[in-house]
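The structure under discussion is supplied below as structure tokens; questions concerning it will follow.
When the chains are written out, they are named A, B, C and D in that same order, and each has its own residue count from 1.
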Amino acid sequence: MPHSPEEKRRVLARVRRIRGQAEALERALEAGADCAPVLQQIAAIRGAVNGLMSEVMEAHIRETFGHAAGSDEQRQARVAEMTALVRSYLK
Amino acid sequence: MPHSPEEKRRVLARVRRIRGQAEALERALEAGADCAPVLQQIAAIRGAVNGLMSEVMEAHIRETFGHAAGSDEQRQARVAEMTALVRSYLK
Amino acid sequence: MPHSPEEKRRVLARVRRIRGQAEALERALEAGADCAPVLQQIAAIRGAVNGLMSEVMEAHIRETFGHAAGSDEQRQARVAEMTALVRSYLK
Amino acid sequence: MPHSPEEKRRVLARVRRIRGQAEALERALEAGADCAPVLQQIAAIRGAVNGLMSEVMEAHIRETFGHAAGSDEQRQARVAEMTALVRSYLK
């Protein structure tokens, strides 16, 4: 998950960018960079992580609700799973 | 929105608690409270606002996806609306 | 805290605005407002609470470090108090 | 920055852990992991990034205010720099 090749490609690109940002930050710290640019890099990583979480959540909504449920029971189970995810991660 | 009486009651109770917290903070500031407890009160309000946002989002998911869509078009429109909300507010 | 009249005025204005936003949200919910504008109002309150926390923290930094410490011990105590606050509330 | 060997070691350990978490997430996504554990991994990275930001900010406070300013002017410049950082990153 996410299942569509296009979504998977997009999510993986985001994760690799975050890994690259962490590597750049590691080099900056080893080189003794100043505090202000270091904080700026960390804030950029934080923004990228939030964007990734949103992207994965959106993909999950599309997969979960993008086709009709087979039964009312299945529909309610999907809703319960999604509200639990929102409760856990909308912070 | 949210439409069910029980959900509306819960959401309103949360909003009123936030209003009460803001009033208590106002009184504390007027009385010249120390910084540390003031920050603690602000952090509590922040937590309450996040809880409120999650509660409203969960209620909206239940309402949007809790009954079958009348058509594939309607289903896709619901999904598009929900992913847009997640993108805007999952930060 | 904050002690300067100008800072206290600014912080109180922020708290009152948050209270006003909570009251407006309460009215919107009682009137049965749609989900999207309700989430927008909640996000605005969240932004205002973050701004308030920053304002109080900044005022506390100015008060704590704006005049010389009387001893090295006092300086270290101030630093320890401030780092503890950052650890608790920079989230 | 941070300058003390102990602080630098701690901060670097945090950055490397975040890089490791990003790598593990990349592998999980490539292996087609389910949404719920993926979101959990992303939330763990988010927590680690927040912890890193706090650690760097705390180190910067210790360095900036841990020894007496040479002049009132220098003290005010330090305070101004620190409040600007808090305003930018306490979000």
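Criterion: a residue touches a chain if its C-beta (ideal position, glycine included) is under 8 Å from a C-beta of that chain, and two chains touch if they have at least 3 such contacts.
Because the structure is a prediction, the values reported are computed rather than measured.
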Chain located farthest away, centre of chain D as origin (C-alpha): B
Interchain centroid distance [CA atoms averaged], chain C/chain D, Å: 21
Distance from the mean Cα position of chain D to that of chain B, given in whole angstrom: 28
Residue numbers of chain A (touch at least two other chains): 50, 53, 57, 89
Contact graph of the chains (line, ring, star, complete, other): ring
Which pairs of chains touch, using the document's own definition: A-B, A-D, B-C, C-D
In the complex, chain A residues that touch chain B: 50, 53-54, 57-58, 61-62, 65-69, 72, 75-76, 78-79, 82-83, 86-87, 89-91
Footprint of chain B on chain C - complex, ascending: 1-3, 8, 11-12, 15-16, 18-19, 22-23, 25-26, 29-30, 32-36, 38-39, 42-43, 45-46, 49-50, 52-53, 56-57, 59-60, 63, 81, 85, 88-89
